[in-house]
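Letters A, B, C, D and E mark the chains in the order given here, with residues in each chain numbered from 1 onward.
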Amino acid sequence: MTVALAGKDIGPQIEKALPGSVLESAPGYVMLKPEFLVQAATFLKNDPAMAFDYLNFVTAVDYYDYFEAVYQVTSMTHNHTLMFKTRCYNRVDPVIPSIINVWQGADFQEREVYDLLGVYFEGHPNMKRIFLWEGFEGHPLRKDYL
Amino acid sequence: MKLHFGNGLLKGMLVTIKQNLRHPTVTQYPEQRLNTSRRIRGQELVWNKTRCTGCATCAKACHQGAIQIVTATNTENNKYEVETYRVDTGYCIQCGICVEACPYDALFMGARYEKAKYRRAELVENKEQMADSLDRPVSGYFHPERAEKLPVQTLLVEKINEDRSKE
Amino acid sequence: MGLAISFWILAAVAVIAALGVVLLNGVFRSALALVACFLMVAGLYITLSADFLAAVQVLVYVGAISVLIILAIMMTRNVQHGNPGNRFALPSLIIAILLLGIFVYAVTGTQWNISKIAPPDTTVATLADKLFASNGFVLPVEIAALMLLAAVIGAIVLARDK
Amino acid sequence: MALHTEPFILNIGPVHPSTHGVFRIRATLDGEVIVDIEPVFGYLHRGVEKLAEQRTYTGIIPLTDRMDYITSMSNNLAYVLAVEKLAKVKVPERAEYIRVIMAEMQRICNHLVAAGAFINDCGAFFTPFLYMFREREKLMDLFEMVSGQRLTYNYMRVGGVSQDLPAEFLPALRKFLKEMPAHIAEYERLINDNEIFLARSRMIGILPKELAINCGISGPVARASGVKWDLRKADPYGIYDRFEFDIPTGTVGDANDRYTVRIAEMKQSLRIIEQAVEKIPAGPVISDVPKVLHPPVGEAYGHLEGPKGELGFYLVSDGGIAPYRFHVRPPSLINLTALRQMLIGWKIQDAITIFGSIDITMGEVDR
Amino acid sequence: MTELFANPWFHWAFYTVLLISFALGAVMGLIYIERRGMGRMQSRLGPNRTGPFGLLQAVADAVKVLLKEDIVPANADKVVHWLAPIVAFVPVLLIFAVVPFMNGAMLADLNIGILYVFAIGSISSVGIFMAGWSSSNKYSLLGAMRDVASIVSYEIPLVLAIIGVVILAGSLSTNEIVKAQANIPFILLQPLGFIIFFAAACAEINRSPFDLLEADSELVAGFHTEYSGMKFAMFYLVEYAEALAMCAIISTIFLGGWQGPVLPPWLWFLVKTFGMFYVMVWTRTTFPRVRIDQLMALAWKFMLPLALINIVVTAIEVVIWPTPAGLPWVLIIVNFAVAGILIVTWSRLMKYGWGRVETTLR
């Protein structure tokens, strides 16, 4: 059975490795600061106790005030899983660092999030629309999109 | 390590040529029809006028918005009646959720499956067209008591065996 | 009579096709004209009772050589449409005229011996006798084969990557 | 001295017999060798995630049918698992068994399509494809008997399944289980040792283990690369911990491994179904769930080992009748992440084979 | 009657009409065999609606295709596009000139008969790459390039494979070759030659598993992607007429042509030809397609050396046993053994990827 690690336990560990990176350690997830996202992801992947080598999914949710990027990662060696999040409060030009260099699996998913929610992932080598055509106006999954 | 010198090719050829001795898995469709499932969700809805109370649960359950229902009080005999009951089968995706939702067993899936139309307008079915009648067989979807009366489905698993036993 | 007619038709078409190779606008069409020219020459061989030679002409020139030429054309994309002119137009004209002059001079100046012997019935057997019989050309044939083999290996070595 | 030809851009798709739907690969070729590719998606984008935000939790089930139309039953199940996690609904025992039977039947169904289409992409003229579709027809008959439709089943419900199995279902399924091993043996005789097939599929499109994990690739594609990861074992949802089965894995990660893993998985699925049919208890098939569901505020990620890989649904609820956010983790899309690395350097024919061996459905890639 | 046939002009006219009608009629038969035979092997029926047993399906298809609009792509080289089907079709008809239906019943008993077949057959490919090039479609162009590659490669094993037969028969004339098989068909004396010839013939006429140039699943339809209507029908006809010609040639040089007991000679010839075609349908049903470099490898690394060895072995045999009396059992056994040993040895060299393995991931 895959163990869903509680954010409460993991959050302090990340905080210890990268001071100032964790905003909130909820039971279900860890909330990370966007500027520390890539470092934290690298830590989660490379730390032998974590060894989160597999990225389940990346998505984002539009909460009107902010965009929340959600990442679920799994370790195939330890068989545990963790959800971490990050927030972006800029609604006009939301930017979140891309984790494609940590987990390549984020490639199409980050593009999808950009396409449908308009969150720009900085550092992604090919950040353009994936499903809709170039020149499509707006981002359909935003709550204010008609 | 397996040896390969064309024996794999010959083995495959043996399989294909053997098919000539078997019965083909084919139905000559317009003449020869297999019985569909007893629970088939066919291309139409059947509506029972007498049971329907006009509660519009089906219309609320329909996530495609294909069902339109208007109720009104008939002033002549002072009764609450369903004025329009209209289904746009062009929007309908045959999910059967309306049938499941109906609390009075007034709605059924149809059992027929050949319903091609020439015009979009013909896809909209009104009260009279949807009525429960003999030429509109009712499927047993979500109505097990109806399902028992329908013929048993022809299954390919069993059909092949029957044909083999004949040979 | 029939032979003469067919000769003239074949010869005329061959010359037209040869001109087409040079003059046609479009490399691919030139190549096709070349194929037509080869075929006509094969036809000429048949009128000369050299049926084996005709078959080999078609097999080798149409089936292999022109096919390779066309493959090369297909690979070079930018000359696909149109036959680009180049700065060698004038020199090549001069060379062509010179060559033509030499040929005309040689052909008109030669005493052509016409053989009175009837052509052999089965050219294949005669050819085989000439090539492989003990008093034939076995050694040249074998040497030619060896040379071709060397050429093939050389081509492979040249074309190989790394 | 190397001979070079000019690069040549070839558009494979969107309408092409081997793109399994409307997918487009912009390939740059050098002769017949692929130098670069760029996948282009979106020709079948229907905005499922947006549509779902306006539908009730039950009304979304037909939408999931239409995502990966080859594996509707698994999609239903994955979504329903996520909702059950969100709303904390219990499922009756019999329904759990029915779900396992359906999911495994669907897996066989999908692998038949995948393997058949893959061999078709290798150039076999429809023979293995039609043999496999013959057995798929039988499975679809069984699905039709249960749910009333042949492709878009809409069978799973939050808290169980929509209807109990009909009386004639289990005998027919037993008959199928008895016949199927012989049919699988027939496919293996037909194609497994075929020298041309081996030459076309062995050592082609190798996906190394590390790359597979890093790219988030799951399902048979990952297992063919040697990743022994199956959610049925690693995270046994439902009652999968009660069944005995193996996880077939490949060694090299080439196209042939992906094919053989699928064939082996079909056998394992048959094993699971046999055990489930043995043990299936009587009882109700759906627990007492309100018709219009109001899950508590929160979020849940439910996933299962779909036939194509890890199929997950991430749901955010605001307490209303419709999910606030509905996100799909589509295995088909994510399995394509490594496509570029897998295709470059191969010939067009190999590209078609490799693409076919990944097994995607455009309905799920684009959603 | 006989003096009528002695008149060369009548002979010409008669056989020309006969051959054209035979080719067209037999092609219909082949299409029927292909579709029904393949259908049965794929566990279905095949077309059975038009006419009795679906016999008129080919006619219906022909009518449909002839009534269709003829579309020429805007960027096409129109003249070449128009000429291509004709250039492809005429040589195929010419092949039938040397096919003996009965003893001496042929348009022309050329003494280079077999060579003529391959010489003429190679012209047909010119039509194919004319089509591929002039369509100005990338898929067509790729198809045409593959065609060029396969034609150049497979001509060689094709010709080499029959040299064994020619050595045994002592003639290039097709009629003489059939006569030489009075005792025993050459397939028994030349099993290796037959296998190589069959495979090379499949490649030459682009039938599966070597149908790379029209590869449905990769190149959509290859060289005739842009053809429609009448011109497409021509290519369709070429495809089957070539198959018919090759089957006729195989039955002539390996299966004893019109020789056979009880049945009339022309019927034997037809039975063998159609039987051969059924084998082609059978292989098409079963095998996947090879890759282009494997196609080349097969021609150059497998068929060419084997064909050469076959020639040497046959030549030695002819020298050792000049005239076999009755059934030459020793020869048959030796030849089958040689064929088996050679195939097994060579197939070990052709393991994975048939000589070319790419293990590195780029």
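We take it that a contact is a pair of C-beta atoms (placed from the backbone, for glycine too) under 8 Å apart; a residue touches a chain by one contact, two chains touch by 3 or more.
Because the structure is a prediction, the values reported are computed rather than measured.
J.: Spelling it out: a chain qualifies if it touches subunit B and also touches subunit D; which chains qualify?
T.: Looking at subunit D and subunit B together, the chains touching each of them are E.
J.: Stepping chain to touching chain, what's the minimum from subunit A to subunit E?
T.: Minimum step count, subunit A to subunit E: 2.
J.: Could you name the chain whose Cα mean is nearest to the mean of all protein Cα atoms here?
T.: D
J.: Taking CA centroids for every chain, report which one is farthest away from subunit E.
T.: A
J.: Can you work out the whole-Å distance between the CA centroids of subunit D and subunit E?
T.: 42
J.: In whole angstrom, what separates the CA-based centres of subunit B and subunit C?
T.: About 71 Å, centre to centre.
J.: Please tell me the distance, in whole Å, between the geometric centres of subunit B and subunit E computed from their C-alpha atoms.
T.: 50
J.: Nearest whole angstrom, what separates the Cα centre of subunit A from the Cα centre of subunit D?
T.: Whole-Å distance between the two chain centres: 25.
J.: Could you tell me which residues belong to subunit B and also touch two or more other chains?
T.: Touching at least two other chains: 4, 6, 9, 12, 15-16, 25.
J.: Which subunit E residues sit where two or more other chains touch them?
T.: 41-44, 285-287, 347
J.: What residues in subunit C touch two or more of the other chains?
T.: Residues 75 of subunit C touch two or more partner chains.
J.: Mind pulling up the subunit E residues that touch subunit D in the complex?
T.: 38, 41-44, 138-139, 142, 208-209, 211-212, 215-220, 284-294, 347, 350, 352-354, 357-359, 361-362
J.: Can you name the residues of subunit E that touch subunit B in the complex?
T.: 39-45, 282-283, 285-287, 343-344, 347-348, 351
J.: Can you tell me which positions in subunit D touch subunit A when the two form their complex?
T.: Per the touch definition, subunit D meets subunit A at residues 41-42, 45, 47, 49-50, 211, 213-217, 227, 229, 231, 234-236, 241, 299, 301, 303, 310, 312, 314, 316, 324-325, 327, 329, 333-334, 336-338, 366.
J.: Quick check: in the complex, which residue numbers of subunit E touch subunit C?
T.: 77, 79-80, 110-112, 115-116, 118-120, 122-123, 125-126, 129-130, 133-134, 141, 144-145, 148-149, 151-152, 155, 159, 172
J.: Flag every residue of subunit C that touches subunit E in the complex, lowest number first.
T.: Touch residues, subunit C against subunit E: 26, 28-29, 32, 35, 39, 42, 51-52, 54-59, 62-64, 66-68, 70-71, 74-75, 121-124.
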